[in-house]
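Every chain is named by a letter (A, B, C and D) in the order it is written, and numbering of its residues begins at 1.
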Amino acid sequence: MAIENKAPGKDVSSEDLESKFPLAAKKSADHFSTFEIAGAQFGGGHIPVFAGPNMVESEELIVETATAVKASGAQFLRGGAFKPLSFPYRSAKYNETREDGIRWLGTAKKETGIGIITEIMEERYLDLVCEVADILQIGSRNMQNYPLITAAAKTGKPLMIKRHFGCSLRDWLGAAEYAMVEGNEKIILCERGVTAPHTHKDSSRFLLDLQVVPAAKEVTHLPIAVDPSHATFWRSWVKPMALASVASGADAIMLEVHPDPENSAVDPLQPITFEAFEDLMVSMEGIAQVVDRTMGRTLS
Amino acid sequence: MAIENKAPGKDVSSEDLESKFPLAAKKSADHFSTFEIAGAQFGGGHIPVFAGPNMVESEELIVETATAVKASGAQFLRGGAFKPLSFPYRSAKYNETREDGIRWLGTAKKETGIGIITEIMEERYLDLVCEVADILQIGSRNMQNYPLITAAAKTGKPLMIKRHFGCSLRDWLGAAEYAMVEGNEKIILCERGVTAPHTHKDSSRFLLDLQVVPAAKEVTHLPIAVDPSHATFWRSWVKPMALASVASGADAIMLEVHPDPENSAVDPLQPITFEAFEDLMVSMEGIAQVVDRTMGRTLS
Amino acid sequence: MAIENKAPGKDVSSEDLESKFPLAAKKSADHFSTFEIAGAQFGGGHIPVFAGPNMVESEELIVETATAVKASGAQFLRGGAFKPLSFPYRSAKYNETREDGIRWLGTAKKETGIGIITEIMEERYLDLVCEVADILQIGSRNMQNYPLITAAAKTGKPLMIKRHFGCSLRDWLGAAEYAMVEGNEKIILCERGVTAPHTHKDSSRFLLDLQVVPAAKEVTHLPIAVDPSHATFWRSWVKPMALASVASGADAIMLEVHPDPENSAVDPLQPITFEAFEDLMVSMEGIAQVVDRTMGRTLS
Amino acid sequence: MAIENKAPGKDVSSEDLESKFPLAAKKSADHFSTFEIAGAQFGGGHIPVFAGPNMVESEELIVETATAVKASGAQFLRGGAFKPLSFPYRSAKYNETREDGIRWLGTAKKETGIGIITEIMEERYLDLVCEVADILQIGSRNMQNYPLITAAAKTGKPLMIKRHFGCSLRDWLGAAEYAMVEGNEKIILCERGVTAPHTHKDSSRFLLDLQVVPAAKEVTHLPIAVDPSHATFWRSWVKPMALASVASGADAIMLEVHPDPENSAVDPLQPITFEAFEDLMVSMEGIAQVVDRTMGRTLS
């Protein structure tokens, strides 16, 4: 008896590379895009770092953080002024700072010269965010919001597309293709943890999928970033998973860093301190050297 | 040694019912919303049926289908004029009919009197779609596109929110709460298959989660629909899973029905014929009686 | 660029049917094994029921349960005298009754005439268990313990192989083939819930995979049983999922029934009472009729 | 409304540490077992390496491999003489060498002085295997075969328990406790990939769960090994994932190494050559230094 078996679609196939994401697909085994954003090189021998708080809580906090993470070697400040939340109610503390937050990111940029990456959730805020951001972040929940990706890509700004926690490598490359088909070539993909049958501790919903790094680099020329903070959730797991991310071949690292993690407006068990970030940068630089790459201050 | 263990969040907790989705949460064990849409009762003893093609391919096809499925007992015609696709390229056959498609749904409604449910993907098409649709469908990929849900809810039209294939019951109820907080009380939830470690056949990406039906009905008063066509993918699995859906307590059933399934513009292995739909309606009516409910023509 | 892509193995393929499990594979579309065990027909128009407690706690309890479930239409008494546990420590209450338990099952069989199904965990107890059991159960945790399956199959007794909660349909059919290759043709497969990224409530570890019923019946001629009690864990979810199991095409149903569920030695939130079982049998008989099959007392 | 919510059990809880696996649980934050096997230190600053073919194919192959991997810094030769297979049929090539294989491992040990780790599948072969093996391996499929674990633990030989691909950290620690309760303290745990909703390429069934390394080390004092070869399946993914394993804090590494990978009796896309292993050892040694540990030849 034969099984009727057409229309595959769970994993990436050779046919997909040609018809589903020809722009995102590698043309040869050693094809890897390289491009520069705000003075940092992506996709080559260097591994840029995005660091900062989950939320842009206040001007003071964001300028202080920009100064600290830049001194430790981060090229980009991360922080959300617009933040999706799975439920419509927000506490006074956990609240979007929106236009204010974007303005504060601008201050941090002007005062420190650091690059800015921040999330965009609605087309109508694109102009505002583009004034300040060097990279527009498409969050996990919007990975399949194709109209938003299309609009963001059309601005010409570099885009970082976070993988949805329930989506495959194939789905993720489809989202990248939506951006590339608009002529935007500065697309970064970012792994941030997937849902899995077994996590390990009550509050950890996600599993960091580092196997997707070599898997993605086998089929796409786009740089693959990893965000171990969101995936692991627990502060003490961030360092080992960040080091593992660099060792696995990640092309950029995103980390949650906060001057006072326990009083962070969001997920206070997750961010690391400035001191822990400095220590982690030193270790990540060591790992980068082993895999023949540079990172943080080893760049210069 | 004690484990630091705050901030739960994988499953629905009592605290969630009070603070995360108080509007969607049941107030007592026998609290179930009931409401009427286009003459059909939702959330009570009756199980409405949505049937039709994946895509609104042509006016002729959609009117023919509306006539056939209505005759077999369906109260609503389903069909997409706007359809998300994981990749930006579409074949000539698989293409959205957009404004034309919405117009053809209007024709089918006028000629047959059937109710209309169709997907909305962008805020700017809301007015157009609202002219024809009795229920706005938020697709799986947009379950976490909260600005879209908010805008759709504000129209006052009933909403059906499909569960994202990678999202939990908790996430799904959060999406419903975003709609309810706008004052919209006619919200239907629809299970359509989740990703799982083990599917069974190469092209079946999803696993129909029928356990979510009693689980959801334990915590929310909103009606829970099930769409076995998308989940199972294979035509021959649709009947057993549709019957199982009714037996599990589903409050509405969505099915893909096409006059010529093998020439369907999308997923030709999935839709069932008019004859198979008629046969399935008879069996579903039988199951509904066993669980003290009515369905299709047993309504009258 | 082409992807190196040999040696598939996640889902069942046509090649698997010929080389991996030729004995378990269907030879034609309507090929379904039928056989009789203890007077009950498996694999045909009839759906036998296994009911009883998780553990054979005492002689009195097991005889009482056998009497009650038989009166409601169950053909087999289920109950474990040997029970695997994920941890080596057992409470006084939750303890195996082993040789005593097997003897008590024998008493229940003699006094009521009901068939017996019970789990076998070690080869050295095979002779003892075979004196009483009509069906040997291979538990989920032992699905890949091939030496045990081989030894159990060699006894000639019918075998029921429960699917491991982390194993695919393909792995499961491999386990069945290990039994069939020993010449044993009375093999029943039993779905009992799989691990999935999203369950719904803190204590529910599993998701009942009813989609595997039509999927399995497409490729194997062996009867497919379903155990909704273990999968759902919560008593109030057992009825809807049991009805859904029958509707999905299950060939046998296993249920946990206990005279005093809240004082059950194991998983007290899971078993149903005698009254709930009687009520469930009536509903399952109704569903069975809709799918042209018989069940419980509708047999006669 | 409150949710009835007792009997936790998906993730490790503080209560589990006390009642489910008190022997495997850490007594304090810096509690980590250390022990020596065949001259190699486990659980401390050193990271031993197990390398060799999947199957002990022939005496010549196994002695050649032992010589090569030892020269590159591996302390243990791995290779299966007894190998479980998901289906009962084996090709002439893929066949267990059983007693012969064990004897050949003995020759390799005598000629090179390398330690031996090999899988045990049945109690009746324990004496035979113990004559040669320094570590008994409990394979993934037997992780819940508690009688086998008990019997193996009673021999007093060190045990390595591979995590079942569908089991949680909690289940895995339960298996370790079954060994420790017999008085055996030299227990190593080994992560080798889990099933997940999204793998990346058709033949890769598993996802390497590196997040389990910090998660496990937070609750257990036992050393955590990682086997990236089985998990990744594809040869070119082994190096990045092996480096990531060391960076994540793994206490030992297991790798498939074969003199002629493409002609390997099992999974020919998976093993790496002697040259690739030598290169990988150099890189792993570099990573180990960054995390203040030693590995391979950096030991001396």
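Convention: contacts are C-beta pairs under 8 Å (C-beta built on N, C-alpha and C of every residue); 3 or more make two chains touch, one makes a residue touch a chain.
Source: prediction; values computed, not measured.
Centroid distances from chain A, each centroid being the mean of CA atoms, peak for C. With rounding to the nearest 5, the Cα superposition of chain A on chain B corresponds to a rotation angle of 180 degrees. Of the two chain pairs examined here, C-D and A-C, the one linked by more C-beta pairs in contact is C-D. With centres set at the average Cα position, the gap from chain C to chain D is 33 Å.
Distance between chain A and chain C, defined via averaged C-alpha coordinates, is recorded as 46 Å. For chain D, residues that reach two or more other chains under the stated contact definition are 3, 5, 10, 12-13, 166-168, 194-199, 201-202, 218, 234. By the touch rule above, chain B contacts chain A in their complex via residues 3-10, 19-21, 84, 86-89, 121-122, 141-142, 144-148, 164-168, 170-171, 174, 177-178, 181, 194-195, 197, 199, 201-203, 205, 234, 267, 269. Residue ranges on chain A touching chain D, taken from their complex, read 8, 10-13, 166-169, 194-202, 204, 207-216, 218, 231-232, 234, 236-237, 240-241, 243-249, 283, 286-287, 289-291.
Touching chain D in their complex are the following residues of chain B: 1-3, 5, 10, 12-14, 17, 25-29, 166, 195-198, 218-219.
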